[in-house]
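Each of the two complexes below includes subunit A, the first together with subunit B, the second together with subunit C.
After this line comes the complex of A and B, so read on.
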């Protein structure tokens, strides 16, 4: 096969142009310093855990707008549950996220509500619940173990957690029958059902995974900040979707990979990081990411029309 | 010849909302017998077939396999009783390769529960080459494959897993003359192995040639039943169009 057409080349040089960006970044002062790389790793790790869940849901043909709100819920829950021990706190964050994912999954599969609408509703409900519970104020933790979880030098613990989550998701999607089933459901639900797959259960499981991972991401973010904030994660659904789309996922389902999404996220992370170093105001950064997402959705649609069936 | 049918559907009805798609239909398939289900679009033949495949439960009525009542909640339940289906749409996942589609829902696993990709590729390749000697390069998404190759995958996976009753929904509708002849040969071969075949078609000529018994549906009701050798195209066409009721054929089977 032509090396320039190989998937790995495209994934690193073209869609997204991660390697060219890294080369350009060499000329940006301090990009390759240990301190900056650690900042970068911190910035991508919590979003990255969310991206893995979002990617799985998108492969199954769904979407999860509630990830940011669930992240906030996970962070608040983790801090509130800390007096009962770090294990209860972590399990609580993950389980609450999983419960929210279960509800999203049931809305989508049982009531047959469009995933965007269903998870939009979940997003608003969860966000509302978290704001009501905290009375809109962040909950602060001074627990040493918890705060240590937000550290790690030179590699942040959250980044190690991200790598572990990616590895597990990769194994699940590529080496277990379950992964095949998720891809099949995303490509053609009816064909999957006729082949005897339990489509509704599979889709619900994907939302549960997404919710749990968002809860865990919220916990790790709260550990880093020392605070469970009810307002964090507002732009997370878009960042996560952008990363998944850049990484080869599609709004039509059946496509995408966690490795690709990770590269997509690294690309967004590096872009933001470079813009930060260069002092680009955050509003312009948002416009850049938004424009990127727009361009992706447009090209995704165009590729669909061009693709041989 | 076996006295009892492999499968028997008794007084099957099926409503979709207020639409009565099936109004009490009986159907049986014996071992080594090709039963053709004929009728216009909307006569209820696909719904009847999909009830036997486990896609829909019947609204009322009974399905018996080897004489004992069964309840299918999903195609997996039907498959567990040896009832396999080749759907008209083929029901393939376009993004997966041939081995993944071949084993979809019943993947080969290693002792730790991981996909046994090598063994899946080997078994699928052997089964596909058996049907179509020119079928190589099976490990690419099936959306890149030809209609004949896709059909081969759908057929191969239906007959690979101890099939006893094979439901074929318009198996030749999308095929050229050469491939149609291949499917016809396959039907003969499977019948000779003692497999019961339910053939859904609206091509009367094909049906006369391939089947032993012909069952005609119209507006969700059984119009009549004839043995192919004792009938001719004209009679069958008249049954389809007029819905003329005939005395049911002797139910003792072949």
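After this line comes the complex of A and C, so read on.
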């Protein structure tokens, strides 16, 4: 009985039912082939980097709806900056994302705007700026180094980047005082402020991390596609929020883990992958993700009512 | 709960002339100075038409937000209603009635589910209604297999509904005006309306005062769903055919108008008439930008700035909320 109640068991079998899904997927032709697993890894890696940022923001009691638009901005910026070298391009994407994150952070902490509304406004402004800059057309790159960055066989470089980001975030959250502080701010902002934590700075830092990671994810996606598209990432905030919620984060802060969010993301990634193999049209996938998020938020709300703070 | 959050019963001048209407006058004057085409009858009708579609959506979101919650599924509901109305092939008297009633009912259903999730289960309304948005858009696209929708049997009476121009003003403008008036009365003069303000002002206090919070809250979402669907039916009648992937995104300009009109993001404050004023402000700004050839991306950017500015302004004026 004890084994059934262990967190790892729950994390893999119940919330989310990742292992059962994988077992079912075995009956789907070609799921376990190297090619498909590589596709799966590619698909989860860019979203995954975003999920890490979103999870950190959610632990601090915030939310970031701008991640998808920032991702598009990162991709476009990376391609536009390529002529100055790959390093400038990568740094540019991350820094632009960080700037947008700083703005979100300032809106939330200095102007005290509700994080959902602040980042929704940021989302629209960033999307508008990117669409205006590119004249709504994707920017294409044929740079060899850049395209190579989007490859990697059998393990895509983007997936390696994801693993590195997860490892760093895990260390940051679980072994550094900074991580404890972020959890403290999310759990009870007033108490955190009274114990001398610089709440506004900490929260802004979380948004900066989320913005930078979204920018980098945009760069990696652009490298894979060979184009920086101004319209990508529309559903990214949903996927990221769903993964973080599955991973134990809550919309009121103070909870969540990067490892859990990763499992959540794998679950969603496998689900979408299986639907792709079976030829399910994209609108059913959109429905599934929307429905999943809706169900998760309802569960989140009911759990909060059962054990109120 | 303080007296200030309760709507006043007697009508004062300041009830009608709120700052947003002054802003509207200023914006119109500037617009007329920038472009001599702005005040031409055809363009004014276009501004009103554009404002009305988003405006009806914004009215519903105002009601929900006065109760302290958000409804971001409205854009998807607009699309659903437009597609369903066209698919039903509105021809003949009964056909038209069905093509109007069914989308409105589905809109009410979507609102009821949102309301149950938020008020019964305690779900975060922003994320839940964004989830609903994707659910509805996905379902509608699945229904039409992502194809362009063209009504086979669209009757002329159905299109005439919105193309009629009594007194030279498009009929949807009258519909909008009637809805604003009706909601203004409901919100300020009925027990139901006052309960919504009470819930938005302080849920805890409202519960303790014996107000049926969940029932009223669900009703606000149903109102929002029905109004969004109304907007969709109007679009169906105006356009007659549509590309479901190209329609949408109404929730953002609507939300911007709601906030610009002074509805508090934390609930308890806000009036339908002010939202109507804000909708006109945004319609004028958008129209001028279109005349000056600033396309959609810049308009999006400006809307985001207006929303941020409005939120910051009101939060500063209310001493941080």
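Note that the second predicted complex is superposed on the first by the 305 of 309 C-alpha atoms of A that agree within 3 Å, B and C clash if a C-alpha of one lies under 4 Å from a C-alpha of the other, contacts with A are read in each partner's own complex, and residues count from 1 in each chain.
Here is the rule we go by: a contact is a pair of C-beta atoms (placed from the backbone, for glycine too) under 8 Å apart; a residue touches a chain by one contact, two chains touch by 3 or more.
Computed from a predicted structure; not experimentally measured.
With both complexes superposed, C is the one of subunit B and subunit C in contact with more subunit A residues.
Applying the stated contact rule after C-alpha superposition, one finds that A:224 touches neither subunit B nor subunit C. Once the two complexes are overlaid on the shared chain, A:122 sits against subunit C while remaining clear of subunit B.
Judged by the touch definition given at the top, the superposed model places A:203 against neither subunit B nor subunit C. Using the contact criterion defined above for the overlaid structures, shared-chain residue A:111 touches subunit C, although it does not reach subunit B.
In the superposition on chain A, A:180 makes contact with subunit B only, not with subunit C. No residue of subunit A contacts both subunit B in one complex and subunit C in the other. Looking at the complex, you find that subunit A touches subunit B at residues 175-177, 180-181, 183-184, 186-188, 190-198, 254-255, 308-309. The touching residues of subunit B, when paired with subunit A in their complex, are 53-55, 74-76, 79, 85, 87, 89-96, 100-101, 104-107, 109, 113-115, 143-144. Subunit C makes touch with subunit A in their complex at residues 70, 117-118, 121-124, 126-128, 130-139, 141-142, 145-146, 252, 255, 259, 265-266, 296-305, 307-308, 311-312, 315-316, 320-321.
Of all residues in subunit A, only 63, 65, 107, 111-114, 116-118, 120-125, 127-132, 136, 235, 237-238, 241, 251, 281, 283-298, 300-302, 304-305 touch subunit C in the complex they form.
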